[in-house]
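So that you can tell them apart, the chains are marked A, B, C, D, E and F in the order they are listed, and the count of residues begins at 1 in each.
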Amino acid sequence: MADVHEKAVTRRRALAYGRIIVGEAAFAAVRDGKLPKGDALPMAELAGILGAKATPTLIPLCHPISLSRASVHTRLDECAHAIDVYALAEISERTGVEMEALTGATVALLTLWDLVKPVNPALLIDAVRLLYKSGGKHGEWRHPD
Amino acid sequence: MADVHEKAVTRRRALAYGRIIVGEAAFAAVRDGKLPKGDALPMAELAGILGAKATPTLIPLCHPISLSRASVHTRLDECAHAIDVYALAEISERTGVEMEALTGATVALLTLWDLVKPVNPALLIDAVRLLYKSGGKHGEWRHPD
Amino acid sequence: MADVHEKAVTRRRALAYGRIIVGEAAFAAVRDGKLPKGDALPMAELAGILGAKATPTLIPLCHPISLSRASVHTRLDECAHAIDVYALAEISERTGVEMEALTGATVALLTLWDLVKPVNPALLIDAVRLLYKSGGKHGEWRHPD
Amino acid sequence: MADVHEKAVTRRRALAYGRIIVGEAAFAAVRDGKLPKGDALPMAELAGILGAKATPTLIPLCHPISLSRASVHTRLDECAHAIDVYALAEISERTGVEMEALTGATVALLTLWDLVKPVNPALLIDAVRLLYKSGGKHGEWRHPD
Amino acid sequence: MADVHEKAVTRRRALAYGRIIVGEAAFAAVRDGKLPKGDALPMAELAGILGAKATPTLIPLCHPISLSRASVHTRLDECAHAIDVYALAEISERTGVEMEALTGATVALLTLWDLVKPVNPALLIDAVRLLYKSGGKHGEWRHPD
Amino acid sequence: MADVHEKAVTRRRALAYGRIIVGEAAFAAVRDGKLPKGDALPMAELAGILGAKATPTLIPLCHPISLSRASVHTRLDECAHAIDVYALAEISERTGVEMEALTGATVALLTLWDLVKPVNPALLIDAVRLLYKSGGKHGEWRHPD
């Protein structure tokens, strides 16, 4: 775990994205609240927030930090039969917050997987990436795409 | 959390896959052990095993289970400038082990992200899927692709 | 932590109850989904399930067990301006499952507290008790009231 | 998890209370140190402190914070055959500390339940409330009763 | 994490030992219950039991298991100004329980360190070893000394 | 957990040491990377870093803190057939960081134990001590030996 003592305390923010492609039948079940284990989207959002907080216990070299904000939002993509997940993390610290956003997004996606798999086991998580980060030495950064 | 009491105790096995595309420079740094935080592949494998064990604390409706095996393997894909991650989980229980394999793979991928991001922040995790599972009511299953 | 090796593996089940009295204004906010942090009841239920799974890390002398089921249900009590929480835990093991049910109920109640406190800080958790348990040496037990 | 970035860092303190009514025989066993699993009061106090520290892993929308103090005290109430639990939490942060105090009190009460239940399963936790909090935008607050 | 599926489920037991040498003044403070943070021995024993349960989250390749018993005992050694710690772990499983006993002993020793360090920072943990184990392929084993 | 609110925020650093004596055959297996479970030293170092971060969940009265650095290094001692472990922890906080360094060292030692025990069960952890600490009221401190 790198020494971050010399880094400045600045407000840092990171936004991560990922999606899970679930297929037509499972998509309809999610959209219509018909999954056997209950309403998937709020469960995934809540699990994502808890996941963001668990980041330093999961990622070995991540610093333990006091997140000032974590939020996870889901969006149905009817065309792709996919659920988009956006995870935002914010902190005032010496170290960045990308991994918290990414872990939040990923745990939300895995939670959707768990809820959807009785309908379709051939799921796919893809396109997990960092969309934006700010704060720290490098200032604002946006994904080039 | 569903009642699994009526299900049979059988040997269950699941194999999950995912990859992280890191770009040319970061790929060389991983391959040549030149990352600032150390040798990425064994760290990711170990973090993935711990991640598989953490599954029931992360995924709300997953049953707490006593994994009889978890292992994570990484493979360099020179053409795609990617690192492939395979995670295997096994258990003798009443409930499946897919989520453990998927969580193991995902935590390994996120650990690679954390180690590689000083070199390239525009990383991409994709193609996360279940390749194989066996045991339980449905027997053996392979991903259709 | 007592030695449970000699005890029989039987199906054990426990049902715990508790309630939080929130007052008129906060009750209306919960009922109408108007709380600033979102829809309280499904969040509390999910947190309660995760709480039930966390029992052996919280209660020092509880055995680590593999719950075969945990579920938490909430019910609005309009007269008392209260939210009732019921938590059910099941297992096939050598040791009872009361503490898991009680911890699940209590974590759900605390989660409701956290969500409701911006509206009313003078909340009250009361009537936390075990309603029913079965399995083990003593067989079925119901709360005398 | 709400954004607390704009809030001031102030010293915040919260005191929570709750009690467990154990009945005459169990009360005597606690008071006289005759419980089969050992001396209940110090165990409950220690578990309560660990519980206060676990708050952000249990309550989904609680911020992870660096408690500057947590303490839990128990008191025997001979008349009611009850054990009173007081939990104090303090912090210098942008967010309140009520949930830490309440979780500390509740985990201590559940630990007492676990230790006392071999003597009497018909226990009751009640009167869990916040007695006092200070710091933050609203300053000092006392429970109206 | 090795595959233990082929191993037999047998009763397994392990006893670990370790000690902390605290010096004359700190020894007297422990013995007489005069430490600033409270009565050290029961706190250390309880922390050791929780530590034994945390083993699979701490030791990467340890299997998650359902301990059927964990207990930790301390003993004052007046001559050496030391506190001896004994930790016993038992299980009926396919995998051994040494690491649980050793982790329990070690966490108890570290807890004593934390409680004693205001009196003397030059503490020493030594002689941590496995005294005995039974069960599994190799049957009974005693430390050769 | 003591109130640390009045203490100054200073940079604090602690270095802990410990060793595990493994015997000739196991030493050769570690040195030559021939252990059945894989390359022991990097695994132990990584586990030690995660262990340092877990300190406040293991040691009851330790404050939860945001480590600014944790690192663990191992060294082979051919003469003693031992592996030396050094763990460094740093923080800018109101409370010391000795327990984080000691817990990091100890978890690394236990991880080595777990990896080496198939070769030799009669292992020994000894000489665990604090070598150095700085920061806080007492300034710099070195172990008297």
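The rule we apply is simple: contacts are C-beta pairs under 8 Å (C-beta built on N, C-alpha and C of every residue); 3 or more make two chains touch, one makes a residue touch a chain.
From a predicted model like this one, the values you see are computed outputs, not experimental measurements.
Taking the definition of touch as given, a chain qualifies here only if it contacts chain B and chain F alike; those chains are A, E.
For the pairs E-F and C-E, the larger set of C-beta contacts lies at E-F. Work out the mean CA point of chain D and of chain F, and you get 32 Å between them. Chain C and chain F have Cα centroids lying 38 Å from one another.
Under the contact definition stated at the top, the residues of chain F that touch 2 or more other chains are 2, 43, 46-47, 50, 54, 57, 60-61, 65-66. Contact topology of the protein chains: irregular, matching none of line, ring, star or complete.
Interfaces, counted as pairs of touching chains, are A-B, A-C, A-D, A-F, B-C, B-E, B-F, C-D, C-E, D-E, D-F, E-F.
Looking at the complex, you find that chain F touches chain A at residues 11, 46, 49-50, 53-54, 65-71, 90, 92. Of all the residues in chain D, the ones that touch chain E in their complex are 38-39, 42-43, 46-47, 50. Only residues 1-5, 56-57, 60-61, 63-66, 93-94 of chain D touch chain A when the two sit together in their complex.
Contact residues of chain F toward chain E in the complex are 2, 18, 36-37, 43, 46-47, 50-51, 54, 57-62, 98-99, 102-103, 106-107, 110-111, 113-115, 117, 121-130, 133, 141, 143-144.
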